[in-house]
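Lettered A, B, C, D, E and F in written order, each chain numbered from 1.
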Amino acid sequence: MKEKIAVYPGSFDPITNGHIDVIKRSLIFVDKVVVAVSDYSRKNLLFTKEERINLIKTVYHGNKRVEVDSFSGLLVDYLKTRDIELIIRGLRAVSDFEYEFQMALVNRKLNRNIETVFIMPGEEFFFISSSIVKEIASLKGDVSEMVPEVVVKALRKKFNY
Amino acid sequence: MKEKIAVYPGSFDPITNGHIDVIKRSLIFVDKVVVAVSDYSRKNLLFTKEERINLIKTVYHGNKRVEVDSFSGLLVDYLKTRDIELIIRGLRAVSDFEYEFQMALVNRKLNRNIETVFIMPGEEFFFISSSIVKEIASLKGDVSEMVPEVVVKALRKKFNY
Amino acid sequence: MKEKIAVYPGSFDPITNGHIDVIKRSLIFVDKVVVAVSDYSRKNLLFTKEERINLIKTVYHGNKRVEVDSFSGLLVDYLKTRDIELIIRGLRAVSDFEYEFQMALVNRKLNRNIETVFIMPGEEFFFISSSIVKEIASLKGDVSEMVPEVVVKALRKKFNY
Amino acid sequence: MKEKIAVYPGSFDPITNGHIDVIKRSLIFVDKVVVAVSDYSRKNLLFTKEERINLIKTVYHGNKRVEVDSFSGLLVDYLKTRDIELIIRGLRAVSDFEYEFQMALVNRKLNRNIETVFIMPGEEFFFISSSIVKEIASLKGDVSEMVPEVVVKALRKKFNY
Amino acid sequence: MKEKIAVYPGSFDPITNGHIDVIKRSLIFVDKVVVAVSDYSRKNLLFTKEERINLIKTVYHGNKRVEVDSFSGLLVDYLKTRDIELIIRGLRAVSDFEYEFQMALVNRKLNRNIETVFIMPGEEFFFISSSIVKEIASLKGDVSEMVPEVVVKALRKKFNY
Amino acid sequence: MKEKIAVYPGSFDPITNGHIDVIKRSLIFVDKVVVAVSDYSRKNLLFTKEERINLIKTVYHGNKRVEVDSFSGLLVDYLKTRDIELIIRGLRAVSDFEYEFQMALVNRKLNRNIETVFIMPGEEFFFISSSIVKEIASLKGDVSEMVPEVVVKALRKKFNY
């Protein structure tokens, strides 16, 4: 049987405990997850692409089932170069749902062999998003229950606290 | 590597082209799908359990990657007896989304090793549900684009048209 | 130019001020509205088909731009017999939205010339539905701001108050 | 200053840990909560009114800030007889949201002095509802994390397990 | 009978196959659609007003039932100068629904004679929006199934591919 | 009995009749509302903090049950300095609902003694938001039914009309 690999794309600005939970749950049904950091973002980014990649690499250091990569351009083109057909996305709320469905439909339209599966993070992660984490950190709040230690440090450095 | 098997549970009263699309898409990332027909239903059922199972078996006759089974009691108990930890569910709309999330959380609560993944059927199946198919058939409408041929016949027989 | 006619289908069990508002707004862009009372209902009905028709006829007595009719079977078949291609539906809330979209898609599937347009009732009617009116009346509450006078009387008679 | 009292109405069929969490949170801003068990329910009830009341009374035995009562007819009429103007309702999901808003608007319409405030239960209770608890219990599943001990026993007795 | 005219307002940055589908469906119940390009946009615009107008004019060249116009200021003021009372808007998703309802209510508030009707585009256009088209084009993806040929060319020119 | 005080936080850019309605309804169950103007906003602000505070102070001049204050940093830290544990937020629509729930969960996470209660404004205020008011005013539209007189004047001054 062929190894099953999925891509988990996103801006990961920064990676949160919610993302980590989605990856953990994905590894129940795929053999390997490629965390693919995207160049493109609808929102302003706090961390550079290199910083975002390094934070994820630190979290998954030594874990052979999680690879960290990055891509420019369309996700479907990246998937083709990697010869992967499965996308993983987390779903927390109705608003996620609609945006994610739109993107999944677009990706299917651009390449009909590509499939997106949706994972629900643990309920304790429903309230966590990269945006909210950055908002709290910018106000010098405690984000240690929302992101891994290495990200806490990176945020404290960015916001001097 | 171990064979990856997922259970696709439901009442399938009757199986629709939307269900069939979800199964087809699931086979991209699992090796085998067990279509598990449930005893329990919140709504009144049109077909008996045996009829529902037979309709699905007819559709997947000769397909070794799709198994048809049934269960009584809790889905998590059934999964344990089968030694399977992955559940597949289709998601079409916001209303699906909330019910499905509630069920997925309940199943996790009852057994924390169980994971549910959500699949979006093709957009041409968004409007199809077993309920709408039965409603149209009860009014003697044409459902041949919504369900497989064998189900069209079974519905015509039930509603005498 | 041909007269523009639309069908406003429903169970109207009973007609409410919300329905009346949708009809009034529809007459801005169509010449005539056919209020088509359906035989079929997903829920238990309080009034008979004749009662429901008569209540609407009383409300629109003498109004040449509103016709009251009824139908059995599929809405699309009724539309064909009437040679009408436009359906009007009210939209109040997200839950309406999903059911209405599903029905509109089904009707298009059954006959591609049929089009559904959605009207938003006045915000003062957002909370009114036939179900809530029946619930309040069954508890002998005052529904005089929610339905026309003739319906208030009919409800009082049904629930003896 | 006058004592602040709120009514928390519902069918409580049966009371769950989610309801209990809403009551606990309400006592942060009111002095007393009247848990008011309703006669009326859109769904079939499992427990009699007396059983439902007794289960809640057992849970709040000796707690002077929680009173258990029941009512027939309209909630607004009950509030008038009690001279209370504040209703408390829990909100978990978008589907709750729409029904609750409709009811709150109706109650305001029926009595403009009445106000409804919404409380969000702890995220660990988002998935719990009386319906899901009854569904799981009817399948002989473990509901001990979802309802208080006394309710677990009552459910086991109802479903013989 | 007076000719029925409706305004279809928007930023059309750029016009998509979804917009075109809404216009086609609108012509079932109105005699003429005025596509009214707005000055105002909540988002950054890619094309100038002239470019956006010219793209639409190219698409509807020779079609007497579709007029292309533009406006500054409030939509209700524009409607008054044109002596038109009907607005057409497309609805695809729940998120559309809420924004569109808010705008429709505001427009009614500003002029109570104005009515908005909502059209559901074909399901194959649910995933298309001007934003997603621009996002894909900016990443040099193929948008030829999402926008008319003239827009494909304009996007390729803007993004040099 | 201790006086019950709640904080109603927001950017109030500017205060609208919807905010005022929420405050009025809150005073049914709390003794005093502290309107707390935040430094932080996800969107660009039209008015300075001082202007926003002064507009609210003008509206509530002489009202001892409404205090106007401001804060920087995290809301939970502000609540601690004020020794207040109750937050009030208005809820109008599904999109509000999800953002508000996320914020309420975050605040609970940051301080578990803090509770948020949600109030539904009158249905005549459902369509009003600070954003829509600013949009209409920027187009020189009439906002006199949406904001208090003093805010109408301030908006006219900002947009020169």
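As a working rule, contacts are C-beta pairs under 8 Å (C-beta built on N, C-alpha and C of every residue); 3 or more make two chains touch, one makes a residue touch a chain.
The structure displayed is predicted, hence computed values, not measured ones.
Asker: Could you name all chains that are in contact with subunit E and with subunit F at the same time?
Answerer: Both subunit E and subunit F are touched by A, C, going by the contact rule given at the top.
Asker: Which chains lie in contact with each of subunit D and subunit E?
Answerer: A, B, C, F
Asker: Farthest chain from subunit B, comparing Cα centres?
Answerer: Farthest chain from subunit B, going by C-alpha centroids: F.
Asker: For the Cα fit of subunit A against subunit F, please give the angle of the superposing rotation, nearest 5 degrees.
Answerer: Rounded to the nearest 5 degrees, it is 120.
Asker: Name the chain whose C-alpha centroid is most distant from the C-alpha centroid of subunit A.
Answerer: C
Asker: Could you classify the subunit C-subunit F contact as same or different, where same means more than half of all interface residue numbers appear on both copies?
Answerer: At the contact between subunit C and subunit F, which are copies of one sequence, the residues are largely the same (over half shared).
Asker: If I rank B-E and B-D by number of C-beta contact pairs, which comes first?
Answerer: B-D
Asker: Could you tell me the distance, in whole angstrom, between the mean C-alpha positions of subunit C and subunit D?
Answerer: 34
Asker: So how far apart, in whole Å, are subunit C and subunit E when each is placed at the average of its C-alpha atoms?
Answerer: Here subunit C and subunit E have centroids separated by 30 Å.
Asker: Would you mind listing the residues of subunit D that make contact with two or more other chains?
Answerer: As it turns out, subunit D has residues touching two or more other chains at 94-95, 98, 101, 105, 123, 126-127.
Asker: Could you please write down every pair of chains that are in touch?
Answerer: Inter-chain contacts occur between A-B, A-D, A-E, A-F, B-C, B-D, B-E, C-D, C-E, C-F, D-F, E-F.
Asker: Note which residues of subunit C are touching subunit F in the complex, please.
Answerer: Within the complex, subunit C contacts subunit F at residues 94, 123-124, 126-127.
Asker: Which bits of subunit D are touching subunit B when the two form their complex?
Answerer: 93-95, 126-127, 129, 132, 135-136, 138-142, 145-146
Asker: Within their complex, state which residues of subunit A touch subunit E.
Answerer: Per the touch definition, subunit A meets subunit E at residues 40, 42, 73-74, 76-77, 94-95, 98, 101-102, 105-106, 109-110.
Asker: What residues of subunit C sit close enough to touch subunit E in their complex?
Answerer: 1, 3-4, 6, 25, 28-31, 85-86, 91, 94, 97-98, 101, 104-105, 108, 115-120, 122-123
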